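A short worksheet on the structure shown next.
Each chain gets a letter, A, B, C, D, E, F, G and H, in the order it is written, and its residues are counted from 1.
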Amino acid sequence: MARGELSTDDAMTRLARLPFEDLGFARVDHHRSLRGGPEVVYGRGKTPAETAAVAAALLDQGAAPVLVTKASAQHADAVREVAPGAEWHPRSELLVCRRAAVPADAGLVAVVCAGTSDLPVAEEAWVTAEAFGCRVDTLVDVGVAGAHRLFADAGRLQAADVLVVVAGMEGTLPSLVAGMVAAPVIAVPTSVGYGAAFDGLAALLAMLTSCAVGVSVVNIDNGFGAGALAARILAIARRRPSP
Amino acid sequence: MARGELSTDDAMTRLARLPFEDLGFARVDHHRSLRGGPEVVYGRGKTPAETAAVAAALLDQGAAPVLVTKASAQHADAVREVAPGAEWHPRSELLVCRRAAVPADAGLVAVVCAGTSDLPVAEEAWVTAEAFGCRVDTLVDVGVAGAHRLFADAGRLQAADVLVVVAGMEGTLPSLVAGMVAAPVIAVPTSVGYGAAFDGLAALLAMLTSCAVGVSVVNIDNGFGAGALAARILAIARRRPSP
Amino acid sequence: MARGELSTDDAMTRLARLPFEDLGFARVDHHRSLRGGPEVVYGRGKTPAETAAVAAALLDQGAAPVLVTKASAQHADAVREVAPGAEWHPRSELLVCRRAAVPADAGLVAVVCAGTSDLPVAEEAWVTAEAFGCRVDTLVDVGVAGAHRLFADAGRLQAADVLVVVAGMEGTLPSLVAGMVAAPVIAVPTSVGYGAAFDGLAALLAMLTSCAVGVSVVNIDNGFGAGALAARILAIARRRPSP
Amino acid sequence: MARGELSTDDAMTRLARLPFEDLGFARVDHHRSLRGGPEVVYGRGKTPAETAAVAAALLDQGAAPVLVTKASAQHADAVREVAPGAEWHPRSELLVCRRAAVPADAGLVAVVCAGTSDLPVAEEAWVTAEAFGCRVDTLVDVGVAGAHRLFADAGRLQAADVLVVVAGMEGTLPSLVAGMVAAPVIAVPTSVGYGAAFDGLAALLAMLTSCAVGVSVVNIDNGFGAGALAARILAIARRRPSP
Amino acid sequence: MARGELSTDDAMTRLARLPFEDLGFARVDHHRSLRGGPEVVYGRGKTPAETAAVAAALLDQGAAPVLVTKASAQHADAVREVAPGAEWHPRSELLVCRRAAVPADAGLVAVVCAGTSDLPVAEEAWVTAEAFGCRVDTLVDVGVAGAHRLFADAGRLQAADVLVVVAGMEGTLPSLVAGMVAAPVIAVPTSVGYGAAFDGLAALLAMLTSCAVGVSVVNIDNGFGAGALAARILAIARRRPSP
Amino acid sequence: MARGELSTDDAMTRLARLPFEDLGFARVDHHRSLRGGPEVVYGRGKTPAETAAVAAALLDQGAAPVLVTKASAQHADAVREVAPGAEWHPRSELLVCRRAAVPADAGLVAVVCAGTSDLPVAEEAWVTAEAFGCRVDTLVDVGVAGAHRLFADAGRLQAADVLVVVAGMEGTLPSLVAGMVAAPVIAVPTSVGYGAAFDGLAALLAMLTSCAVGVSVVNIDNGFGAGALAARILAIARRRPSP
Amino acid sequence: MARGELSTDDAMTRLARLPFEDLGFARVDHHRSLRGGPEVVYGRGKTPAETAAVAAALLDQGAAPVLVTKASAQHADAVREVAPGAEWHPRSELLVCRRAAVPADAGLVAVVCAGTSDLPVAEEAWVTAEAFGCRVDTLVDVGVAGAHRLFADAGRLQAADVLVVVAGMEGTLPSLVAGMVAAPVIAVPTSVGYGAAFDGLAALLAMLTSCAVGVSVVNIDNGFGAGALAARILAIARRRPSP
Amino acid sequence: MARGELSTDDAMTRLARLPFEDLGFARVDHHRSLRGGPEVVYGRGKTPAETAAVAAALLDQGAAPVLVTKASAQHADAVREVAPGAEWHPRSELLVCRRAAVPADAGLVAVVCAGTSDLPVAEEAWVTAEAFGCRVDTLVDVGVAGAHRLFADAGRLQAADVLVVVAGMEGTLPSLVAGMVAAPVIAVPTSVGYGAAFDGLAALLAMLTSCAVGVSVVNIDNGFGAGALAARILAIARRRPSP
């Protein structure tokens, strides 16, 4: 078995030196962007002012974009005072503060969405992936019950490097997609549904027990996590020398 | 809104007059076959002798077949002493005592099975349906991950009057099948799987929350129930005058 | 075992050719009515304008009725601009757009309802079944605790070709009804109840584990699914040549 | 609002004076029989010798019978060395040590049992009630699916002072019985069933959410508890002066 | 084993003859009061007008009181138009329509309540029991953590014929009370609590698994059911000849 | 707010320097005993040889005792070859390897056990606490149903510095004990019970939702964790200068 | 095994004599402060006037502080009329009525908080601990994902006598902290999170199954309980003579 | 938004033409290896002979390795008759049939394992990844409670392209690892643990709710799925032209 070639001492030392800033109500890492992704702030449970302060502190550092998830219009207004060009996506409550144009060369992410009701989660995924520099192809309202509509898109699905598949209710779309492609599939259960959907539990369990190879799952409604993971996966190709 | 045309008094009277026989440890209905289906005895929790006694009492009546579910080899041996020609299906632990040839004209039931591990439940369904007089077409190992294998069978699926779809793990297959056919789909979740399959719960919830129209669900591993229901559905066509 | 007589190639070809229309936020199938049922649009999570656009696209095709479930008054108003005669049922939030008189010859569906609180779900079932062309007989407030009230209706129950039985709380009505009839019973658990009813879970589990033969279950509160399934079942009789 | 007429000081004093005996591995109350019921020892998790020692200590006191629940044949053998006449019921694993004839005048308990598989729990209930001095009437295999069999017994049900109704699977029987009688119904869910029965959970929830008045529930498979409660209820009539 | 002495035919006949009245949206039994208890109407999910109509139909019959549970102020106003003297208890949302003075001679029910937050459920229990003709003694805020406060009331507890014990959170009060008395204990879990109380589930499970003899359980928050059951239990003493 | 007085650099440095030994299949810490407790090895899932190797590696270091939890007789034999005096407790499957006499001056731990069936877990707790140098007082079979037996021990309970209270079924005992003492109570739910006990879930929830102040909870059946925590708590008193 | 040295008789007598006051809607203990902690009143479900009455009754006794948890602004206003200096903490809805300066010598409690959203629960814990006379060090926003931020605080963590660790979502912070210190860790899961966090269940289970030694758990969001337990633990050191 | 460049018609045609072989009890795909991974056969529920037949059919095609999961020694013996060099790993019950040397150039996968008991699952992951052509670095027994042991390996962790992190009990390790690296983390919960671990549920929920970016989850104990997904992810880098 191979071993990594970085020495343990170096890693330990680097971790100890990683800077963070203490705002009193939050601690802000100033090294996360070194790892290739955007900074993220969870908006819920923070006041607009607190959110803006954290965002400003992050924007003072490096070049990566800063995302605020679960951002209300009030959060957006407060953050725009420190980041005037921030784009707010009301359907997914996602706020994106970019500092520089991100070259969209990270690879192609397909975001597939089972129904119109799943769009807020899907949008959170694709906006995140784009903020990370990925190209994105979106396919909306591709339910299992009308599988022929999915097969009509087989070419687009197979062209993607990574797929994010968003579905509520019975959550079977990821299994079906994974059987059609060779690329990894990130499954996102949503809380869309009623009755035995149990707020996303049915979709979550179905995705976890998928017989298809190449599927992994993130938390219910976690579009951000899926988009960010897609970008992390595509970053491998950039990081590694081509064979 | 229409009303049924049987008078209430008649129905009440008929119910009161329905015969049953008291064996001490069990009461045996002698009127169930009037309703068009086989008699069924749940073997588990009964001794072989008790099972044989119940079966014998039922066989003394009418012409319908008698089924014993969850029948061990010991049950089968005991019952064969009173019903020599009873067929025992070890994989599904189902015992069928027929008294007369049942004309197989009730219609065509397709029993579709997601994987080899689901075969015991699927077999319980198709043997039951055949005992009820249905013709049966079986499709085995038709997983979602290789959906093209399912589409290759679209013709067979669409030829069926009723479909029984058996699946464990994520339980996706009924949704997919229901999107391809106009006939009713009876979904049977199985306890096949591990981890988040939670002994059939994942498949059960997925089937209940299916977005496809025309799907209903029976208990986990209840192949008998699905087969019997398929036969009840097909009995409607026989009962009603053709338009 | 028999085989369906349609060739695989034909089925595959037909699936590939099935038309759909892409509205951007939704894809509209234009072939579903070929399968004998109404079109359905899930209203929740769609704007009134989006809902009306989908309904209009469906109404431009074929002759089948179009149903909008979970339709608010706003949805109804918007849809009526494209389908003036659409009937809105506020208790069940169901909107029905009919294009032509549907001859009510599909057979008789009995919709049985355990209590007054279950009426919204029961109404969704019976309006759906009627929209599909079924005759419907409704029995309301037929609880288990006063079983004599149920037995007084035995004649009406036994006259039905298919029964939809709606119940919350302990959900035992379907078992009782299924013991009185030979026709298939579609059980619909509702979220009516409190405490250990757990939003319909108690009724759902009771219905799934019913000892009665001929019972299958749809999702909690899914009156539409039950009504549509009843119509699919009755369509078999019309489709098949009478014996 | 009325008040009890015993003074607080008396009660406090009596509690402080209640005797118990310390066997090292268990403490034995010597006052429980004052409260009108038998002594009970939970056999599982105790060695036969420990069980016999506890039983002997209890038998040295008063006149009430001593019951050992979940008693294996080994437990029975050990206890019979100190209580030669103890009766062991293998199906319910219940051991009864009586010291004197108990006059069976406490009233009539009906023990109603849904299926043959529920018999071990039902037997635990009726043997317990008889040990407490109740007369018992047992009705076995009275399922909901054949409700007419239950109605044929309406007279026996209505003659009982208290009813213990034992059922697994969907657990419907107590609701149905309670709708036919004016006496209190003690519902006992059993772990009989499979799949969505979830080891008695389905029956438990159905019984707890029963719409029928007069139903209460004990733990899954707790036949002893139901029998003992029935006797406690009947003891009220003996204790109170008749009106 | 004894048998009830009413003949089967009689019972069957009486059930068939039990009258009910069909109001369209509800069916009203006119025989329930024969069984010794009040009529009950579940207010939630009924309009005030519907509620008043059902109450009026019931009041036209017999002499028993009529209760409306989960009755809002609007329900109360509507009902008072047909039953002017109806008493409304806002904390428990219980409405009581009495027609004649009920002689309070049924026996003594102690209603014990763990905390102030459990009062709405406890009140529903004691008002119901009183409406049934029971004398009631109430003990409020008797938590387990200060068990000495409970022991100070031992005399009052032991004077009761039946005890209703209401508790949320960990739900241990019924076990403790049952260890102090010989009378039956009806345990009522409440949804009071937070976190791992899971809306009453913790209390429910604790009460079901109580080691104390003589405890049975009703649904979470079901104060009415507990009060009505207490009255049914006490009715036995009146019905039976004293020994 | 106060701050700890150790500098951050020191802590970071010490953590980096903490030694461990790599056995291939396990890594052995050689610094844990610095923190005042015994070393612990989880026996289940390790072969006897692996277990002995880990134990030997730990025993080569420092003076603290080494415990092996879930140790079978085979584990015990293997370990005794490297630690001849190791004591094996079969009921709790706990193996204790002491190297030197531990002065029992850490304070007094009371281990209270609801029933005989809970003894294996309770023994694991008290043997662990003793191995840590605590004095232990054990009270066995002190159920809630006979609370007077508990009150008779009030003096012993109040003399303890820390209490470990072990109970299955409804898990009430910790609440009751906590109401009688001022010391912290560590509650240990056990998997003893059946039905709605759900393998310890009922007891766990009851303990978590206890209204009593001073109660915290460890995992189901985790006697070791409770004993070790008791010792950690008592170590504070030794570490801190007396006031 | 050692025994406590207080005699049983004394304890029994003292319990019987403990005073309480009956306010009608609540019973007020007047002896709890003897056990070393503050009085606590649960505000939710009590009117402001009731809350003030209970607080006043408690304040008339002894010298301990009185806390009202889940106190709204209305509660605070009402209580301040009887306790003018009461401090209200709106974020945690905690109200503290002190009567005299509490000397902060009980030891040092570290309250560690995973994220900003967990602050209300953390604040409830630290205000409670301070009211009990503990010194408190707070560490906010110390997530697992940036573990280096936690290690930077190792010195502060190791200086604490007791640690309260508050975390929602995956709830892993307590395990990590417990691996760095020798002091006991009280873990508080919070309901912060979404999806599979299931209102704190994920964090609760993670904390209960922690592999780290020295961790125990209180109810979800129960900051008060954690703070009060920390103070109880520290009271041991004061109570015991130093070695 | 970009679109894939394969035409829809091509994809549809290719899917329709994908070959499979019908063995009667199973259908064998002969195109899966085109998608870059090994063939996999789920051994459980298949006889050794059936398993060997499926493996042989797969081995007759292409060059990819064939894996049999959950393979007993009997399965291994049967398969070795058709694939003599197949390697069987008893701890993980994984059988690998390679046909040609796979050049290990797909990238570096780190498999990190929390405890010795998790080794079977971890081994399934690393053997699978190696069979797919990945280099693998394994880190065993890296618990959270001794986080310094993890930090000592920071260099090895950061050198990996993809990480598979396997943990039972509280399942914290993936969060901690994800906070230290920029590569994607595949979290595998295991069923190791007891009590509130609920057969892997605690670990599963903790991993799903992880606050760390870049984590996704597969089913409990699904080491194969994690290893296969790691290989799929690394295949992207090979497939895409380097930038």
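Basically, contacts are C-beta pairs under 8 Å (C-beta built on N, C-alpha and C of every residue); 3 or more make two chains touch, one makes a residue touch a chain.
Everything numeric here is computed off the predicted structure, so don't read it as measured data.
Enquirer: Using C-alpha centres only, name the chain that sits farthest from chain B.
Expert: Using the mean of the C-alpha atoms as each chain's centre, the farthest one from chain B is G.
Enquirer: Report back the single chain whose CA centre is most distant from the CA centre of chain F.
Expert: Max centre-to-centre separation from chain F belongs to C.
Enquirer: Using mean C-alpha positions as chain centres, tell me how far chain A is from chain G in Å, no decimals.
Expert: 38
Enquirer: Quick one: report the Å distance separating chain A from chain B, using the average Cα coordinate of each chain.
Expert: 45
Enquirer: Averaging over Cα atoms per chain, report the distance between chain D and chain H in Å.
Expert: Once rounded, the distance between the two centres reads 53 Å.
Enquirer: As a quick test, compute the distance in whole Å between the mean CA positions of chain A and chain D.
Expert: The computed centroid separation for chain A versus chain D comes out at 58 Å.
Enquirer: So which stretches of chain B touch two or more other chains?
Expert: Where chain B meets two or more other chains at a single residue, that happens at 12, 15-16, 115, 146, 151-152, 180, 195-197, 204, 208-209, 213, 219-220.
Enquirer: Could you please specify the touching residues of chain B with respect to chain A in the complex?
Expert: Touching chain A from chain B are residues 114-115, 143-147, 151, 169-172, 175-176, 178-180, 193, 195-198, 201-213.
Enquirer: Can you list the chain F residues touching chain H in their complex?
Expert: Chain F residues touching chain H: 15-16, 18, 20, 24-27, 29, 32, 42, 44-46, 50, 189, 191, 200, 204, 219-222.
Enquirer: Tell me, which parts of chain D touch chain B in their complex?
Expert: Residues of chain D touching chain B: 115-117, 119, 140-142, 146, 148-149, 151-152, 192, 194-197.
Enquirer: Touching chain A in the complex: which residues of chain H?
Expert: Going through chain H, the ones touching chain A are 1-8, 10-12, 14-15, 34-37, 40, 105, 107-108, 110, 135-138, 151-162, 180-184, 186, 204, 208-209, 213-220, 225-226, 228-229, 232-243.
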